[in-house]
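Structure record follows, encoded as structure tokens.
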Amino acid sequence: MTDRNIQVQSLDRSAVEDDAVEIVERKGLGHPDSICDGIAEHVCETLAREYRDRVGHVLHFNTDETQLVAGDAAPAFGGGNVIDPIYILVVGRATSHYVEADGTEHHIPVESIALEAAREYLRETLPHLDLETDVIVDVKLGEGSGDLQDVFTDDDDGPAVPMANDTSFGVGHAPLTETERIVLEAERSLNGPYAEHTPAVGEDVKVMGKREDDHIDLTIAAALVDAHVPDMDAYIAQVEAIREHVFDLATEHTDREVTVHVNTADDYESGSIYLTTTGTSAEQGDDGSVGRGNRANGLITPNRAMSMEATSGKNPVNHIGKIYNLLSTQIAEAVVAEVDGIRDLRVRLLSQIGRPIDEPHVADVEVVTEDGTAVADVDAEIERIVDAQLASVTDLTRRVIDGERTTF
Amino acid sequence: MTDRNIQVQSLDRSAVEDDAVEIVERKGLGHPDSICDGIAEHVCETLAREYRDRVGHVLHFNTDETQLVAGDAAPAFGGGNVIDPIYILVVGRATSHYVEADGTEHHIPVESIALEAAREYLRETLPHLDLETDVIVDVKLGEGSGDLQDVFTDDDDGPAVPMANDTSFGVGHAPLTETERIVLEAERSLNGPYAEHTPAVGEDVKVMGKREDDHIDLTIAAALVDAHVPDMDAYIAQVEAIREHVFDLATEHTDREVTVHVNTADDYESGSIYLTTTGTSAEQGDDGSVGRGNRANGLITPNRAMSMEATSGKNPVNHIGKIYNLLSTQIAEAVVAEVDGIRDLRVRLLSQIGRPIDEPHVADVEVVTEDGTAVADVDAEIERIVDAQLASVTDLTRRVIDGERTTF
Amino acid sequence: MTDRNIQVQSLDRSAVEDDAVEIVERKGLGHPDSICDGIAEHVCETLAREYRDRVGHVLHFNTDETQLVAGDAAPAFGGGNVIDPIYILVVGRATSHYVEADGTEHHIPVESIALEAAREYLRETLPHLDLETDVIVDVKLGEGSGDLQDVFTDDDDGPAVPMANDTSFGVGHAPLTETERIVLEAERSLNGPYAEHTPAVGEDVKVMGKREDDHIDLTIAAALVDAHVPDMDAYIAQVEAIREHVFDLATEHTDREVTVHVNTADDYESGSIYLTTTGTSAEQGDDGSVGRGNRANGLITPNRAMSMEATSGKNPVNHIGKIYNLLSTQIAEAVVAEVDGIRDLRVRLLSQIGRPIDEPHVADVEVVTEDGTAVADVDAEIERIVDAQLASVTDLTRRVIDGERTTF
Amino acid sequence: MTDRNIQVQSLDRSAVEDDAVEIVERKGLGHPDSICDGIAEHVCETLAREYRDRVGHVLHFNTDETQLVAGDAAPAFGGGNVIDPIYILVVGRATSHYVEADGTEHHIPVESIALEAAREYLRETLPHLDLETDVIVDVKLGEGSGDLQDVFTDDDDGPAVPMANDTSFGVGHAPLTETERIVLEAERSLNGPYAEHTPAVGEDVKVMGKREDDHIDLTIAAALVDAHVPDMDAYIAQVEAIREHVFDLATEHTDREVTVHVNTADDYESGSIYLTTTGTSAEQGDDGSVGRGNRANGLITPNRAMSMEATSGKNPVNHIGKIYNLLSTQIAEAVVAEVDGIRDLRVRLLSQIGRPIDEPHVADVEVVTEDGTAVADVDAEIERIVDAQLASVTDLTRRVIDGERTTF
């Protein structure tokens, strides 16, 4: 058995799938808030790898504060342009000077690394954004706090388990409801396979799902890219194509009634439509910052408990808010994958400051079982899975650093 | 009766007061995230008033994206100093040029107004911060989107009810649990009456409350101000004084067992303590931004449904996320104040894009009644209150503009 | 006698006073370039004094790169306002961390010092500029180069004479011609006694003097301050009053014919006049930077040899360009004050990298004598004065640090 | 004959070639001040061409205020890296919105154009600078002043000659002295043919020439590029190779005695050498800005009259300071090329505000003739050339826009 304080109990409410009203939102990759989340996390991963490669372990840093100031653009059928570039300020702290016990000195070019990582992320994520004309990337990284350096230096034989740096809280859920899965998949499809064949679809795709009983209403705001939209007819056709694509995708995941709306604020007569030059509303008027959008599981789910903690950009070695948000989600998914009879599951991890992060103050697992299954039937197996997941927490850190986990 | 879609039903869970584990947090006025929330909202109120005074009604703007980049400081017993100033970037959009129907032109100095409002807020909120040496306030306000100007211009006879600009969602709760009330009051007391007589207490006070059954654990991180702390003994005495003050305050609000911890990360031997020059951790290492901290009711409550929407800095006339977060909270408070027998109440407002904001797609009220009260006993009265509150939504906007409502 | 390489010879040209055409310009205190010069020098003096007070001697720094980005304003008779604040970026290098030989560590808050000094300078120099609304002061100071620290640390018994850090060149002239004196005095009077009784006159006063034979033409561009100009009549009266004032002042200094033009670009009919809210054209459209305006003697004199080196903001202890520009001017003034029969004098100092700054590679004095005086009559006395001035070069440094010398 | 006020007279001094002491300096392409000049001018040319292509004529703009804030770097034999990126702020005014007489509206993306032009210039000029990691390019362009728009719009049949916008002054000289030619050619060779075969030589090459009678002393500061310098021996060999190259080049231009010094501040023992990662000292500690370095003829010549006016970045259509500096140089060169018997020539052009720029207040040509030639022999021919050059001033503007003239 385990010494960890793991509690499995019945959730005192019904499954979200059974709520009368359910609301789910996903801000796509090109949404200004997501751009900031993505930059913050890509800078974070890159810095962590650089530290590992240069010094042998990750040093103190946090890069969870990217701010995007929207530009100004003049989109036009067939191709317009950005007038005032988007301004992106990458903010955080990072250790640029490190002395090993044997006196070896390291100067780590943290601002240059951050700058390159941010630009690289933009280049890969927003192919319609011209990095030479459309965006200014600025960086302000303070020096990492001296007091915190020690946290990371003590990993002689195998990665040590760091101590919690704060009293914090993470929460995860599984499985996704139908509405959640549809919202998530709709954005991923539009920003993935669909976009590959349809360059007219920009990356700023926002999907709002609302389910009332057995009716699912999907509202999609999709930025179209002007260079690939010759005229209003093409625009209208593309909007309809997106609607159909999402409708088809949704009906594969549900038997409920589905309605899809795309770019509902358009007014064809006045010519007020969602046309962009770069594929993101950041080009004109929509600012963004880290931690204001999707939670660690990629969704905003007001029906479920959520953590306010920004996950993107936080140090993956010891930032307890980041680790517990990712870990609780991973635990929930693992339990649902391995244990039958679970209709809804909520995992909450509460840290104890100054204790190893694999020993939370409490790991609280609340479960809604399916008819025919009692909590007592599954609690031992759940506890075992939770215990194993906590024991391998440093493996999660490694996977985050290697870019194998999304954070938004 | 009303045409509004108001639904009152039983909440399918117990009251938060009855949860086995409850977590509540409040970031105090001087926390970097709260500083950003406060600046964003103060700039917002000031701009709204300026528009009203100059043009007669509020024009398009949003100032919900302030970014704070921490400085560097060398605090010392008796008084240290800031080495690198804090950098604060006020970001948003605002209409600087407006032409009335009769051709009268207005040039509104929005950046100057924002600059002054931000500095004014800092001066009033952080008395230990020297605005001449410790902080750089920068402003980047884009022009308000032309498409959106029309929303605001049509208020000839009495304030018109604007249309919802988005599909969005607000949620409010009442009454506060004991733990919530204690967390809220502890910060307000430390930043209010207590600070008046104790200048050693900085404004960056963070309160974390954790209740397990009938034990409430309060963890307080309070930045002390070096000019008022002559030595380590004085520091230790001040920390203990805070602990006692909060303990006394807490026990006035609850009969549960209470434990209070203050500045638990201190290490007196190494001299690693929470001493600052300015009263905020923004002076060294802690960045901040809008919408990452307290929700509209002043708290972070993972036990309750929360909106991710930043409330501070959003346009109070038509930003549906801001309005519905504030309104749902106000509705919940009004219902609990007027209706007996309610143990817990959740109000959710879901907007319908393009419809007047006083006609939400649904106003969903879920209630946990006390023993002896049935939902059927109270639903008509609740519905009446909700209806009246929705009808007077423009009054809420006015009170926000006049600074009578806090947003964080 | 002296070991210094001092050469006195006849200047192979006539005195500037005898040139057929002479051009002289002075950018007044409120001109955007002068604002930058003034901030750079005030930051420089303040830093130098702080180093002296904290560490005992001046450490490596240079702050000679302030950049001003003009704002936008809407001046109006009776009082307008600034719409977009002026943005001022103070740039340079400064040593923020210093360890004495005995291990005593100093953390010097160089960015905070620079910020405060810049704002202080603006407050004192531009009384019509509201620092809370009209200007954003930003600071980017890099760390002083490690290699250069040693230059300054070796001053045990009395200030040592530093080594020249560069091959550089300084040039000074005396006496001023009539035109030069008039241009200088006109600006100083308008920005001094005259402004005290005439708040309508802003600090951005530019004086251009052109002499053709015995006719002096003065062209003045003077920013008027809208709050003190109620209407067009008042504006026109004020312009005329300035013209008269300068005419009277000029005729006290010369018997030549004088014409004065003020604000010649004004067009009263179209209302296009030189009216400002802040007293400087930096409020709208005129950017500025260091070293683009007046030379060390306060003038731009294309008839004379000039150094391109910016004097303001440079380290007064060892920056050879700054020291030699100030010193050569001081030498020229001293010679003319003490030696009779000199009509024009040019002093050039050329440094020798790696040699003490009081031993220039060459001190080249070229003289135009008055009728009846030969170079041979005065060269010995001149050489003595030059030698004495060079010997007391560290005294010049002290006076610069104490703000007793202007640099622009 | 002509109505232009052209005056040809004898210069009241000897030719600079005959001065006892002559000082000449050139800051090479990679010097921080030259980088700023180059960016400012390249942005200027690009904007002017864009205006011409989009609107048919150049609109109001000036981009003469680029500020460079040095980065921090850790160069190392074989290849080091930049730690903190260089920060470059492109500053100016430009017209982004233009309405033709027929109502056609133009939105010109001036900030995007400036951003791209600045980055393009860096990419082409500094091949060792990695634009993804080593530099942040920021842009702050205000709107062009409304009052000034009209200046440019009136060019129906052939380019009209604009009116002078200021009382300003330009000065040019010809021919170059031997020392001037050597200084200019040394830098051009090192940054041209020599660099092509020697990647170890960076672009930041500063050449200082000092002639005393018949001895020419050349002091060269040349940044070497670490990736192409494997060790100290290679460094020393490269420094010597540069010395030899410049010595050979110099002796082709003069029969005077020549000494060449390279990187005299190096200290091989302490390892303090001029090694860089990017080829420019901007990577560490040397800030830069426009107008602080070379004059319009590419040189700093304290022996000659110089204009303080920054030439780079100024509007080539009507900025009189820019035009007259370039034009006076071009006139001087044309005269010397066509007229025999001239040893030294100085051309000064003084504008008359409000008059066409081809009609200066005075065009003042001062000449030192060779033995056997009198001013009276050449003045008519000179006047004819000056007149023709003034008449074709708009052709100069065109060539500047087309990048056929250097400005620094």
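Per-chain residue numbering starts at 1, and chain names A, B, C and D are given in the order in which the chains are listed.
The working rule: a residue touches a chain if its C-beta (ideal position, glycine included) is under 8 Å from a C-beta of that chain, and two chains touch if they have at least 3 such contacts.
Keep in mind that this is a model prediction, so the values were computed, not measured.
As for how the two copies subunit B and subunit C face one another, over half of their interface residue numbers coincide.
Between the Cα centres of subunit B and subunit D there is a gap of 55 Å. With each centre defined as the average position of its C-alpha atoms, the distance from subunit B to subunit C rounds to 50 Å.
Taking the mean of the C-alpha atoms as each chain's centre, subunit C and subunit D sit 24 Å apart. Touching two or more other chains at once are residues 84, 87 of subunit B.
Shown here, the protein chains touch around one cycle, each chain meeting exactly two partners. Contact between chains, using the touch rule, shows up for A-B, A-D, B-C, C-D. For subunit B in complex with subunit C, the touching residues are 74, 81-85, 87, 96, 107-113, 115-116, 119-120, 132-134, 136-139.
Contact residues on subunit A toward subunit B in their complex (touch as defined above): 9, 12-14, 19-21, 23, 62, 64-65, 67, 69-72, 84, 87, 89, 91-93, 140, 142-145, 147, 167, 169, 171, 208, 210, 212, 219, 264-265, 272, 284-285, 287-293, 295, 300, 302-308, 310, 348, 350, 353-354, 362, 364.
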